[in-house]
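Both complexes shown next keep subunit A, but they swap its partner, so subunit B is in the first and subunit C is in the second.
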Partner chain A sequence: MSGQPNLLEKIVAFVDERVGLKTIQAKMLNEPVPGGSRWAYVFGSVLLFIFIMQAVTGILLMFYYVPSADHAYASTQYIIHEVDYGWFLLSYHFWGSSAMVVMVFAHMSQVFLWGAYKSPREMIWLVGLALFGIVMAFGFTGYLLPWDQRAYWATTVGVEIMDKTPIVGDFMARFLKGGATPGQMTLSRFFVIHVMILPAMLMGLAGLHIFLFRKAGPAGPFRGTADELKAKTDYFFPRQVWKDMVAMAAVFVTICSLAFIEPVVLLEEATPDPGDYHPEPEWYFLFLFQLLRLKIFSGEFGQFLGAIAIPGAFMALLAALPFIDRNPERNIFKRPVALIGWILVMTGILVFTVSAIINREFLD
Partner chain B sequence: MSGQPNQMSPVKLGLAVAWSAFWTGAPIKLGLGLLFLAMGLHPWESAGLAFLLLLSIPVDIWAVGLAGRTIFLERLGVEPPDSLGLTLWWQGAALYATYGSLACFLARQTIAGAKAMATRIMDLEMLKSVPVAERISIELVLWGSVAAGVLLALVLGGLFLFGKLVQRQANAGRPSSAPYDARVHQWDLMRVPADQPLMLTVFTAVGVSMVLLFWAFMPVTTPHPHESYKQDEKKAAQVLKPAEALQKAERVLTQAESSVQTLEEKAKKGKGKAPAPDKKAAAKQKKA
Partner chain C sequence: MHQPRLKSKVRCTDREVGEITHVIVDPLSREVSHIVVGGNGAAGRQVPMSEVQSVAENLVQLRSASSALAQFPPLKRDEFVTTHEVEIAHLEDHLHVEAGEVLVPLPSLERNVPRRTFFTNLTHAIGALVALPMAFPVLKYLMKPMYSPFDNAWLKIGNVSRIKADDVGVQFKYKKKVKEAFMPEAEVDKNVWILKASPAVLEDVYKGKDMEFHDQNGQLVWTNKKDVPYVVFSGKCPHLGCGYKWRKVPKLGKEIFLCPCHLSIYDPAGKVLDGPAPRPLDPLPIRVDAGGNIQIIDMEFKAGTKAQTRIV
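Then we have the complex of A and B:
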């Protein structure tokens, strides 16, 4: 009979009456996007998607992984060689972490270049910086878990660098290692931080980040007249949702392709003797590692300067950025200091990362 | 709005179309590439590359057409001509075949020359004491900046030529007299298909088929086993049949009983009495 709601409609109405589904839906999807949807706005959604996929693949891996110094390596090998599609899951998780770092850089760059950190969005920027730190911590703690030579020595180097932090460095290094050399305690602590503490922190802060973003609203493009922006202003659904979905699919396919092209292959099981292996961290920390090889950063003070003081000062500068840069101009082509600064930082990271790769030939 | 195509620089125009078209087609090509990888065909090697290039043709024609129509209507205020995608695609392909090959050759030569020059500079007597880490970075910056400059110039040259092709099409098009709002609306209608449920159904069907094919082709175990890893010998688990097991146990016990009896009889016949039990052996057995 027409006019009578069907069973599904009745269920939706029942839930809506109690939860307010339609209000949530309207708030989620009917957010106005000034100037219309853009590909430049996809990074935040893509990051959320990558995190969800990392959580899913991580949980699946935990069904088989044993976080003990005696079994971590063997269980990872078991996942790769015996578990159905285990090699693909592990490789996806591995490349997913790299994709997350790349996307964080892309997202932060977009926000910086678009001037979207400026008033009234300072809080979004600060929470975003904290999320950046969490993503890096995810990479650092996850790297140890396979318990091969690469994992062991990258962690050893990382903890040694951390040790150089004044006041808290010694405590942090001792807490993470849980002994004189990395062992069972280190693995347990890294595992708990990786699968319990960091996901909880990330979920909380990501929720806050999205809440603050919705509260302040999207910044919109930095160019265009008011009339042009008004003519093109659109709701989040369907066009931005569509762009986000296409970007997510592209990132998913890219990660899958990388898992096929370069699947995870472990080195020998971790031992306190590096043998022929030259310790080095994950690729996104390589620039910092190479920086520390420069003569200017040699010695105790030099290492502190390169590993702690300069990165720390850079992060402090990023945190203070919305409060220092109070000019409301958002067009990046009218902010030469910001543009040149961004190009220099990106070029520096690129040059030192490539230098670290070339450096391997000299070590071999 | 006529005359706008000539007001926009060819480089900007070429970049606007090429950049959008690249990102429009990339997800589809990536999906195809992944499917090839799952099938064990590398998309950058002979057969895989040939297939991918062949399948990319309709994708590129569609992507260039979509991006071109958007730019024509929104930025240039020109009604896009029919078969814009096909025209821009074949002209772009011809340009890539000629200019692209020349640019690749020039880039390779320049990079090789810049690398050699950078090494020679760093081999100078006064620079020999530079430590390895610094040397690597300085050399990289020396040849990298030359290479980046040349690559940028070549890319700009390519975009200029492609922009000229786009401009020619735009000049041949009919200027739109509609106001900006109406053009944006028209552009919206062009992007969104009239039958959206049909489009969603097709997309879902293609997506599901791709996922099924992907899982069907993907190897179950790693294609790169670790050299020191010993694969578990997959022994079929023995099925326990209670009746057979009991019968077997009974047979063993009967055999053991008869063996003991035989031994006892032999002992009786041989010495008239059973041998004294070995105390040490008995204690060992007890411990065990």
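Then we have the complex of A and C:
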């Protein structure tokens, strides 16, 4: 009976006839990559992988975590010290968030350097910027949930910074905190934002991001004639998928290793008296934190400048980028302003982050 | 020039050679690159578009003679995929290769265009009718804990006997009971800095005037007399709300208040010596009884502003 389909094949054929699985699968995998697959293109897929793992570990953490001011700290300690592998899942979630931020920077840099934000891909870039904001908001809201001193003070200072927005700042800060000072209401709000609102926004916008990407098609390399590109073109599957898988595995091993080497340890339970603790945000906000130590950002206006105006103007510049930069040239070596700008921003972030770390010693 | 259509007859210079069986598209330019000429059971030949002289409604004229057709490579079907199986962005904007437009009749009930517009508008109106009445309740629901009355209770926080020297910041830690919304009453740790001020420092703090503290409706709550030497500063840094410390700074050769967050430095009178803080430290209401017991009102002020705005 070799010619007869078996039961499994019959089921697959039944579903395929009604859903069109094979067509969908073919459409997903047969995406022409102009100029061929590259390691430089892995970051988007890696981000999707990290997000899925954050969702999985985050859901698992919620089995024990209680978002209340009198139980958040104890339940997190319980996850770390009592629940089997709780320390690992929590540490994976913690380091996963850092990996997310690193990969977002890598992804944005790649798109920027390759000139892939240019027409007709402006919308993909804009949605990507919104996703960047969501990733940072994830980091900020998630940081409060363990309810230790580090969490409490990062939130206190972070929300005070938001408070400096003209006109709506006070309302926004009180709205987020659920009052004048951080407390139970803040924890409830950050929790619902972190586990419901941001994931929903991220899933929706990431879907739109990928949809727009598939609609415009990959930009491909920034040099090479049409014939050269055509000769090297392959499909998303299997070569690019293979490269993506290797990158995901490398990121997975790195996050696991960090979770083992440097597992999450909580400080004292959150309270409005910092004791000996020197408040500091998570490392990817350090440069902003250090920026606000500068003399030019002192006083009420200086603070507005450093905390709101400059970061806001920078984000606005990024959003306007594809509309300002209408030159179709994509080769980064023929775009000196873009190249120097990127180097300056990255160096600036690096210098401010390192000086914030050096400053720690001066404080102890 | 028209785009070649499937099933069109194909003519060479001398005679008709068959019909178009496939159309091949370049995925990068998204233009038709080849037509496949076949029919009569013969294997199709891939003819590049450069060989096509003209395209009429149902006829494609080639430049070459029928004898030259054999030089074009035969179609190897497994070297190609259909456009159903591959995603070519904006393919439909470039290609019109269908044998003809595919039409479906609009149901006769749907042909009244003004009515369709009316229903579109009605849908939006009903959507707005559902959303608008929700907006205010939802906003009020979320705003419930945002503004609460100030707490003007006096708290006992310690005794002045702990203060050994003038103009030296001494930290007093205390527990404050908080009752937030539905939560059981809880205690949080707080701290203030108290110093016994020398006349010069006292003058710096009070500038020769009594200091008044008000409730949110502007009502006077308490007045710190300018000649009471005990000064209490809120433990919250007026820059961005961190907790500051009393520190010896070797470079300055004296002791000052230092906030480790953004490195604001204040003198014993709370005046900003260096760093980003926009205003001096915030004095709080203090009263000291005959036995030296200190009581304060635990107020908080908005950080980061030049003006002092009470928020707790």
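Side notes on the structure shown:
Heads up, the rule we're going with is that the second predicted complex is superposed on the first by the 364 of 364 C-alpha atoms of A that agree within 3 Å, B and C clash if a C-alpha of one lies under 4 Å from a C-alpha of the other, contacts with A are read in each partner's own complex, and residues count from 1 in each chain.
The rule is simple: contacts are C-beta pairs under 8 Å (C-beta built on N, C-alpha and C of every residue); 3 or more make two chains touch, one makes a residue touch a chain.
None of the values given here were measured: they were computed from a predicted structure.
After superposition on subunit A, the partners subunit B and subunit C are seen to fit next to each other with no clash.
Once chain A of one complex is fitted onto chain A of the other, the partner contacts of A:E31 are limited to subunit C, with no touch recorded for subunit B. Of the two partner chains placed by superposition, only subunit C is touched by A:K215; subunit B is not. In the superposition on chain A, contact is made by A:K295 with both subunit B and subunit C. In the superposition on chain A, A:S257 makes contact with subunit B only, not with subunit C.
The wider contact with subunit A, measured as residues touched, comes from C rather than the other of subunit B and subunit C.
After overlaying the two complexes on the shared chain, residue contacts for A:E160 are found with subunit C alone; subunit B is out of touch.
Within the superposed three-chain model, A:T233 lies in touch with subunit C and out of touch with subunit B [touch as defined at top]. Closest contact between subunit B and subunit C, by C-alpha atoms in the overlaid model: 8 Å.
293-295, 359 are the residues of subunit A that lie in the contact sets of both subunit B and subunit C, per the superposition on chain A.
For subunit A in complex with subunit C, the residues that touch the partner chain are 23, 26-27, 30-32, 34, 68-70, 153, 156-157, 160-161, 163-164, 170-171, 174-175, 178-181, 183-185, 214-217, 226, 229-230, 233, 235, 271-275, 278-280, 289, 292-295, 297-300, 302-303, 359, 363.
Here subunit A touches subunit B in the complex through residues 39, 77, 80-82, 84-88, 227-228, 231-232, 246, 249-250, 253-254, 256-257, 260-261, 263, 265-266, 268, 290, 293-295, 351-352, 354-355, 358-359, 362, going by the rule given at the top.
Of all residues in subunit B, those touching subunit A in their complex are 23, 26-27, 30-31, 33-34, 37-38, 131-134, 136-137, 140-141, 144, 180-181, 184, 214, 218, 220-226, 228-229, 231-232.
Here subunit C touches subunit A in the complex through residues 26-29, 81, 84-90, 142-143, 145-148, 173, 178, 180-181, 183-184, 186, 188-191, 235-236, 239-243, 260-263, 275-278, 300, 302-306, 311-312, going by the rule given at the top.
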